């Protein structure tokens, strides 16, 4: 195409101009990028999925702009494994290439686990929404794992006050945890969080249930009524007891079957300094 | 601002150019417009709400483009009441001002009804998602009303095969109806569709339930188990019996509390010519 | 219905049970409630719209649950005006009725302003997404206003390096501000935030533009190229200079027309203690 | 868990009951299922991605319900390749296992292509939203491919009436095509649709553009102004000329950078019988 023929030898770097407004920018970068990624899977080693990605850096008060295309170049170069092992290198690369003190990354992705029905053992895959959030600022670094777990909850009040039956509904429990350390032996698995949440609800949800399984989970839920308040406390107790957890936030939300709104509860907690 | 000083007396009309590609366009217009609107309310006469609007016309094969700004001008002029009574005039205005044979409009809006709890009678508002769809093409005109009704459903299979309990969940039933006529006496009310749907589900949902009410709806749902298949059939029977209904589509979707996916059923029906 | 005949005189209060798990809950309440509301309008006094509402309280470590239905009762009783003047009373009512130290409310709603085209003066309504966030905890109270303003941005780099043209796109600038005080004379208007943002972008967006207007905004944007970094700084300078602002966060996001992802920048700032 | 000990030898089949309401159901099944899938990739042979799936069958007027769990069993068994080659077998399996005359499937997934910047040749992945829709009813079968292509459009009117500049924006062009035949040699590739759409817009969008590339696409768009009307016609002409295409719908929508609403155009076309 003809316009490339007139390409000046040197295109000016507008982003690189000095800025006199005196305001540093906390985060500048790209959002809504999608990429195939590979994440760790406790049972199978690795799992292929698709990530939605936000990449950013801090911008000092005296620089006009960042070079947005470099975020994509860096991510493209690191393409593939996105895990607690590789994110620190990606964060460092972003700091170096973009000349920044602080860098941040957030990746959301569907994660799949094979689940067996409780009686017949029939298996199929269940999806969990997960998020990795990493940041590095000078010597400080933090890595947060987020997992959203669908569950079944049955209302303790409805069961108690009714002669028969009790309303149940689907709920979503979102757990975010920050580890005390980044060492491999301290890794908290997505699978562990799912287990803690499912133990805290009235019953797990499953992708595939045959009649004997449906009978089982129906009665399991009726035997274990839980408010959203109960769910966040039960999950919170399990997280607090685990020494690997430095901080957590647990949010449980019920899509109430007797209302057109949700009930929710949330606990945020930080481990006190030793 | 200085550029207006240089405004040419006549700005050329690029959209009005002739087109030689020989392809007529079925619909061209604007989407994602939001506006405060007034709709009919059976109990109170009128109700103020906010509409999301799509406006379009057909474009003949020999015109390059339509004049998008006129859609906004026309809608602004008709601003206010958006009802089965006013839409025909709006559709005609669009055809005239945009020189088109066919015109279409779609308005989605939240509609609120005061609902009383079944035992204590406590009242609060419940939201229903509604849609008006109107089109006019030469002498042909059609008006479709859509209402999405949240309900509670309790699984007949789960109740039958379990010693106690039964899983329930929130479901959404979407009904679209086209009337045989546009006369006022043939008007189908949003409120009527809500009643038909609620009678067809295990129990209605409510905005506000005190303990005696929660006890009531818990047992009501247990006494009236319904599959999505049952719900669409029950709604369909009521619609088919009503002579005002020329066509309908009913879609019921349960946010299953034992799965992380939905179960759905759908019936479309047209009244046979007399 | 027959089951009400068997209603026990006293239904037990399961939520009111003592809890021994020793974990306080930061927020427990209802989400996804929708209600018609009235908000303040600088030009017209009041404006009717529809709000999406979250209501919550803190729950002490020794109480099992909160009484969710009371949130709806309280909101229903305060129904109508939702403004900086009425939210404090609503927050206090929630604390009292739900026996809580802390209460929180969040209301999101579309807000409409009549906008005149820059040359022809043609008017129509433009929608802005707004949010009120209020909380009260013991003697501490905070009120945050959020406004999302759509704008047009034209890329300074694209303009500088190209022989002609420059890519432009729609962007959204989200501003959250917390006031130093709740007195009426300190009220920051939605309309003021919109003005500050529009001055900071390449050009405002309009609901209705005739050809002379489109010519005007096309050249206005070309004359005022802005990166997202420029936008957040320009908005930030205006907010910092206003003594009423105690804290702000500005987030600008461009739906880049040359990519399928967004570019964004964000500044958070708190006024230093005097 | 103890309740399984009491499992009756035979759990009754509530879904299998006879129905007397006399209403057949057009579609009954599951929605919102997510699964890792493999699709065909013209360059690499295969591509791993994640699909959102709807599976359904028709239900005769005299059967009360379908067996929802079988949808998951069947999909789980066919897990893996989801292509025009495998969907017919899946559709037939659904008909057989669920005792139905008609079966339908819809799978939506992100598809990734490596795109090279037009001047520097820098490469990265770009995401396209795709959908497969297949149905089989007795001897009739149909397969529809849907692709949503992000593009850049520059307004012909704005360019013509302004002394300099022209507003541009991101647009999305959704193409659905139905083939005349299911034979392999008639396969229409996702990649072909993307090419046709990109040729019809002002310029493609890219994941990664360095400065010389940004200069190129800026001028390319300015040299090729396009209304949404132009885009749907240009795409429509290409589709009509291709003998493999039996039916298409093209929808182009611009996220106008001078408004807060979209402009759109849509053409639906069916090849006349020979």
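Chains: A, B, C and D, in written order; residue numbering restarts at 1 for each.
In the analysis below, a contact is a pair of C-beta atoms (placed from the backbone, for glycine too) under 8 Å apart; a residue touches a chain by one contact, two chains touch by 3 or more.
Everything numeric in this text was worked out from a predicted model, so none of it was measured.
Chain centres here are means of the Cα atoms, and by that rule the chain farthest away from subunit B is A. For the pairs B-C and C-D, the count of C-beta pairs in contact is higher at C-D.
With centres defined as mean CA coordinates, subunit C is found 25 Å away from subunit A. Per-chain Cα centroids separate subunit B from subunit C by 28 Å. Inter-chain spacing, taken between the CA centroids of subunit C and subunit D, is 35 Å.
Annotation for subunit A: residues touching 2 or more other chains are 3, 11, 33, 127, 157, 161, 163, 207, 209, 211, 215, 219, 260-261. Contact residues of subunit B toward subunit A in the complex are 126-127, 150, 152-155, 157-158, 161-170, 203, 205-207, 209, 211, 214-215, 217-219, 221-222, 255-261.
Every residue of subunit C that touches subunit B in the complex is listed here, in rising order: 1, 3-4, 7, 11, 13, 33-36, 48-50, 69, 72-73, 75-76, 79, 110, 112, 118-119, 122-125, 127, 207-212, 215-216, 219-220, 223.
Residues 3, 6, 8, 11-12, 14-15, 19, 21, 23-33, 56, 59, 64-66, 68, 156-157, 160-161, 163, 227-230, 232-234, 236-237, 240, 253, 260-268 of subunit C touch subunit A in their complex.
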